[in-house]
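Have a look at these structures, which come just after this line.
Next, two complexes with chain A in common: one pairs it with chain B, the other with chain C.
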Partner chain A sequence: MIIRGGIIYDPTNGIFGEEMDLCIEKGRVVEDAKGEEIDARGLLVMPGGVDAHSHIAGGKVNTGRIMRPDDSRSGVEPRTRVCRPSTGYTVPNCYAIGYRYAKLGYTTAFEAATPIISARHTHEELEEIPIVDKGALTLFGNNWQVMESVRDKDIAKLSAFIAWGLRAARGYGVKIVNPGGGEAWGFGSNVKGIHDTVPNFDITPADIIRGLAQANEMLRLPHSIHLHFNNLGKPGNYATAIETLELLKDIKPSRMRQVVHVAHMQFSAYGGTSWRDFESKAPAIADYMNQNSHATMDMGQLLFGSATTMTADAPLEYSNARLTHNKWSNLDLELEEASGVVPMIYFRKALVNAIQWAIGLELALLTKDSWKVLMTTDHPNGSPFVNYPEVISLLMSKPKRDAEMATLHEQVSKRTVLANVDRELDWGDITVMTRAAPARVLGLEDKGHLGIGADADIAIYDLKPEDVDPSMDYQLVKKAMATTKYTIKSGLIVAKQGEILAVPEGRTYWVDASVPKADMDRLMIDLNEKFEKYYSIRLSNYMVQDAYIPNPAVIKAGLELESGSLVKEVA
Partner chain B sequence: MIVHEDVICSFCGCLCDDLTVEVEDNQVKRVKHSCRLGASKLMGHDRIKTPMIRQNGELTEVSYQEAYDKAAEILLRAKHPLLYGWASTVCEAQKKGILLAEEVGGILDSTATVCHGPSVIGIEEKGLAGATLGQVKNRADLLVFWGCNPAEAHPRHTLRYSSNVCGKFTSEGRKCKKVIVVDVRETRTSKNADKFIRLKPGSDYEVISALRMILSGKAEILPDEIGGVSKAELISLVELLKSAKFGALFFGLGVTHSRGRYKNIDNALSLIAELNAQTKFIIQPMRGHYNVAGIGQVAAWETGFPMAIDFSRGMPYFNPGETAACDVLARQDTDAALVIAADPASNFPRSVVEYLAKIPVIQIDPHENPTTFLADVVIPSAVAGIEAEGTAYRMDGMSLRVKKIVESSYPSDEEVVHNIIASVRRLRSNVIVEGGT
Partner chain C sequence: MRTIIIRLIHSIQISLEAESISPDKFAPLTLSQINALEIWQGNRKMKLEDFFQVDGDEGSAKTEDMFVRLEGDFSRIKRLVEGMSNGIVEVYGNVGMHAGAKMKGGILRIMGDASDWLGREMQGGKITVSGNVGNYAGSGYRGEKCGMRGGEVEIHGNAGALLGEHMCGGSIFVHGDVGDFPGSLNQGGTIIIGGSTYLPGAEMGNGTITIKGPARLLPSYQQLEIVDIEGIKYRKYVGDLVENGKGELFLAEAQSS
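Our next item is the complex of A and B:
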């Protein structure tokens, strides 16, 4: 296949809007190819989108569907020759997730939070999501084994446990959510800061975060730790954010990437002492990001309208439910995590929501290096991912932001600086934030760019960058970004002008990390005891079986050792 | 002899995964660690021997292919077929079932409709604050069993997960726990209780409301007696609930199918949410069939809805009260039924069963049951968890992979449904070809 004459944006390879042909063969970008030709003359061409933080599969998502038949009733689309029916808006069914990502030009999406114990469920859903490649981050921040190894300052055993946990969950990376808070929630409380003591474990969230970061780098995992801060969603929490980032400054990355990725920073960039004097601290966070280079973040942009909040931060969801009087689901998971789900409507007329909306945009616009900021809505917490075109058009157009601001509470321009931010992102920035940077942050070498050998995941938009001024033509930008002219996944045209043409099964990435046998043996003594005494599931039934990963893409990682001492297969 | 360790019991929603099963000559000889109910299932009993089609009133042996084709013909000919059951089979079969329902424009519903369906509707109203059974084991110092009788229906629940087990913060086991049973009659479960509260039948809603009022400081406006229980006793019950470090309420069909139905659950879910302002409390339904939780999960991720899904519009439509199995049968709004891993003839209201007997019925099941007597096509299948592997969801939503421990000549439920889909597609393409010429 040859894509002729597109205006290519491929920031990883230093290409910003050059007219080029792209050749594809056997699912990859190649020097030269024959066959079908796609006429993309003058059109915007990018690598397929990569969503590094989205809640698309597993217990929480399905709980959202079950408790929200109101949501499933919207977005209903019938079967077609190739498609299963679609339902839902904030909590779409599996099929809709795949189709809608493909129509947006996204070809990869990572589920952001999976407890090991319920990973089988997550993979059952991932398998049903068509088209896109996927993976799932694994939760470690409230796990008893993690907390005990941290308490014992046994980073080698902790590394062994991460390797074991990633294999057990067929997970991709280390996710940490409100570390220590999930354990405290087991008896109905929470931790209030990173130096608070975690009940029953004699450690602090700071210890957990540092320990996991050290182990993550010891294992040379493709992704860094992926952190949902303590105190998320609370006024004044920007201090916790900066304090936590300071904890990790001295840790050396084992690969060419960040040491920590901060999830949905918007929810952690809050000033004020209560919702009454609530204000943006995005400028402080952006300053910090501009002065330091060990962290990346994703926006967690909030948009007005319906959302479903879902997180492993169970105490937060309880607060959300108390605040909104909305329905509340919770699930505590033995020895590992807790989680919650609460439907939410963000109101344009609510001052707090309007400030939250502005904070996400401020973070993206005030952070100078767009490689440090991924565009997300923390689907479906801030808004469903189908609204990415709205976010893109806001980032690219000051007039659009001004028009929106004019409809908001007058206090928004006092409690945020957004009105004074003139920066408008260009197509290069957008390509970085939606493709190139997420792929680099995750450590997916064949994604997010169009160099020779890259996966032939390509989005062609019905928009001529040379004719369109995104600042003024923001409606056109939003429309064009909502539906690709062509989405190509692994060299196959999967969507054309909003119609799904093919539904290949995507691959599932997971990380297989090797550790010294001696550490694994020491770990298994601990784990055997936990499974004998505390788990309600037997060890032999616990791990996700091969049957649940029909199309695996395994990335090897681990400690560099003499070959004889590597553990290839963990029990 | 082969000894299989950590076998998962595919009987009830406890999904105990610590059974030892001895197999000799491809037959289960002995089952250890299980309850009697589970052992009975694993040891096996009478099976339907071959596929059958009713001809001149008699079920007559046929080949599997003939049975698949006949099933497909019935489903294609029907205007609005019902595909019912799905609780005692694995998720892999359920997924195929949803595809089949889509392809024939049918209604898919599960046995939850006569079980915890009202709980699901309660959850749609209020959400559910739950925990895995291991969390309960490790932390709960107060257990409430309301309208359920695990001693007889889920015999190992108390021993593995709840009142009579030791965990991390419950190392003294039963001694460090309080057990409260609320029911309309004494049961074997209530005999294990520290406190038994006996309600008048049908008064769950009032009593739950009274507890919520006491909890929110409005006890003075309550009458002296609510649902056969004195106000003083309910006040002391609330004190007990509040005194728990971790409370867990388990409920059964005594609440879901007594007067008030989903409103009882809605009310109970609210009570638990409110208790969390005072202490830690969770609530869980005692799901019956081993994978009835699974059909809810699978249906939700595939269609957005957990049960009672009508595909006749070409897309999922959900409206329990209109689209549940008993609703469409009572309205005579379905003209054929596929019943898999269930027995509606025993469990549905009589008038509904009478209508079921009038329409063509396809049954897929390893065992004969009263539904067999009104079935027109009978397709025997392998027993999942013994003769076929697959995924099942425990009552708390944790999934496990049930195992195959003996060989079987029967096709799995998944294969049966897959083959019916193949027949549907073939017959339909024939029809299209004929129609085109």
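Our next item is the complex of A and C:
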């Protein structure tokens, strides 16, 4: 297949809007090819989108679906020749997730939080999401084994547990959610800062974060730790955010990437002492990000309308439920995590929501290096991912932001600096934030770019970047970004002008890390005891079997040791 | 005024999803285009002309100038005039579930009975029913926090259970009896019941319920003074106190002993 004459944006390879032909063969970008030709003369061509933080599969998502029959009613689309029926808006059914990502030009999406014990469920749902390649980050922040190893300052054993946990969950990376807070929630409380003590463990969230970061780098995992801060969603929490980032400054990354990726920074950039004097501290966060280079973040942009909040941060969901008098689901997962789900509507007229809306945009616009900010809405916490085109048009157009600001509470321009931010992102920045940077942050070498050998995941938009001024024609931009002219996944045209043409099965990435046998043996003594004493299931039934990952893409990692001392099969 | 007359050709076994029968959809279309409108029967996509005979005036009109007359037994036809914004629709016969759902304006007159979910999540306009209606009239569908938000519903016969559940605004007037739990979880709006009912206003936060016939009340309602409305003496109650509610409930004095 050859794509003729597109205006290519491929920031990883230093290409910003050059007219080029793209050749595809056997699902990869190649030097030369024959066969079908696609006329893309003058059209915007980007690598397929990569969503590094999205809640698309697993127990929480399904609980959201069960709690929200009202949501299932919206977004109903009947089956077609190739598609199964779609339902839902904030919590769509599995099929709809694949189709809608493909229509947006996205070809990779990562589920952001899976407890090991419910990973099998996550993979059952991931398997049913068509088209896109996917993976799932595994939760470690409130796990007893993690906290015990941190208390004993045994980073080698902690590394062994991470390797074992990733294999057990067929997971991709280390996700940490409100470390220590989930454990405290078991006793009806929370940790109030990173130096607060976790009940019964004599350690602090700071210890857990540092321990996991060190183990993550010891194992040379493709992704860094992926951190949901303590105190998330509370006024004044920007101080916790900066304090936590300072904690990780001295840790050396084991690969060419960040040491920590911060999830949905918007929810952690709050000033004020209560919701009454709530204000944006995005400028402080952006300043910190501009001066330091060990961290990346994703926006977690909030948009007005319906959302469903779901997180392993159970105490946060309790306060959400109390605040909104809405439905609330709460779950405790044995020795591993807690979680919660609360439906939410963000109102344009509510001052707090309007400030939150502005904070996400400020973070993206005030951080000078686009490679440090991924565009997300923390689907479906801030807004469903189908609204990415709205976020893109807001980032690219000051007039659009001004028009939106004019409809908001007058206090918004006093409590945020968004009105004074003139920066408008260009197509290069947008390609970085939605493709190149997420792939680099996750450590996916074949994604997010169009160099020779890259996966042939390509999005062609019905928009001529040379004729359109995104600043003025923001409506055109939003419309064009909502449906691709062509979405190509592994060299196959999967969507054309909003119609799904093919539904290939995507791959599931997971990380297989090797650790010294001695460490693994020491770990198994602990784990056997835990399963014997506390767990509701047996160790032999705990691991996710290969049958649940029909199309695996395994990335090898682990400790580099002399041959013979490596454990290939860790369990 | 442009008149469209729709007659059911033969009886239907599998229900139709008929949101395309609406003055908004008909207004800009010619008769042949109306005949070709899409309608779902189960999982099959059909056309209006497969089930109905369409007569009336040719040419397009504004929605407010539309008059639609439906004749036949529409009791297996769901979502009639869903989201209608203006015009007049008269049905000579019974209607199926979800008639007048999400209605924004205009008038729907039903000379017959209506099934469940009549006028659910209605925002405006007026519905009158000469016969009886099923359960959940003027309520919110599963999971919805807000049912009827505006407009008027008048029912000359009886109504089923859970009338106006989750109601946030608008008014419902039932001349006859009403089933269990009318106005439960209400956040606003007005319900007037001419006949009897059972346990009205459970977990009501706000709104008004007036009952002229006999009714059993929940113990979580606090009785206040006796008031006189249009010559009838009512006992006034406030509740539901379980939810710290501020809803008002009036029960005709002659019935409350």
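One rule holds in what follows: the second predicted complex is superposed on the first by the 571 of 571 C-alpha atoms of A that agree within 3 Å, B and C clash if a C-alpha of one lies under 4 Å from a C-alpha of the other, contacts with A are read in each partner's own complex, and residues count from 1 in each chain.
In this section, contacts are C-beta pairs under 8 Å (C-beta built on N, C-alpha and C of every residue); 3 or more make two chains touch, one makes a residue touch a chain.
Bear in mind that the values here come from a model prediction, so they are computed numbers and not experimental data.
Chemist: If you stack the two complexes on chain A, which partner ends up touching A:Ile117: first (chain B), second (chain C), both, or neither?
Modeler: After superposing on A, A:Ile117 lies in contact with chain B but is clear of chain C.
Chemist: Output check: A:Ala547 vs chain B and chain C. Expected answer is one of first, second, both, neither. What do you get?
Modeler: After superposition on chain A, A:Ala547 lies in contact with chain B alone.
Chemist: With the two structures laid over each other on chain A, which partner does A:Thr87 touch: chain B (first), chain C (second), both, or neither?
Modeler: first
Chemist: Going by the contact rule set out at the top, does A:Val76 touch chain B (first), chain C (second), both, or neither?
Modeler: A:Val76: touches chain B, not chain C.
Chemist: Kindly classify A:Tyr288 by the partners it touches after superposition: chain B alone (first), chain C alone (second), both, or neither?
Modeler: Once the two structures are laid over each other on A, A:Tyr288 reaches no partner at all.
Chemist: Determine, under the contact definition given at the top, whether A:Met67 touches first (chain B), second (chain C), both, or neither.
Modeler: After superposing on A, A:Met67 lies in contact with both chain B and chain C.
Chemist: Of chain B and chain C, which one contacts the greater number of residues in chain A?
Modeler: Answer, by number of touched residues of chain A: B.
Chemist: Where on chain A do the contacts with chain B and the contacts with chain C coincide?
Modeler: 67-69, 71-73, 78-79
Chemist: Provide the residue numbers of chain C that touch chain A in the complex, in ascending order.
Modeler: Spelled out, the residues of chain C in touch with chain A are 40, 43, 45, 140-145.
Chemist: If you look only at chain A, which of its residues touch chain C in the complex?
Modeler: Of all residues in chain A, those touching chain C are 67-73, 78-79, 326.
Chemist: In their shared complex, at which residues does chain A touch chain B?
Modeler: Interface residues on chain A, with respect to chain B: 57, 59, 61-62, 65-69, 71-73, 76-79, 84-88, 91-95, 117-118, 120-121, 124-125, 128, 186-188, 200, 318, 321-322, 327-335, 341-342, 533-538, 540-541, 545, 547.
Chemist: For the complex, give me every residue of chain B touching chain A.
Modeler: Residues 5-6, 8, 17-18, 91, 95, 99, 102, 120, 123-135, 137-139, 160-161, 166-169, 245-246, 273, 276-277, 279-280, 282, 296-298, 300-306, 311, 313-316, 318, 391, 393, 397-401 of chain B touch chain A in their complex.
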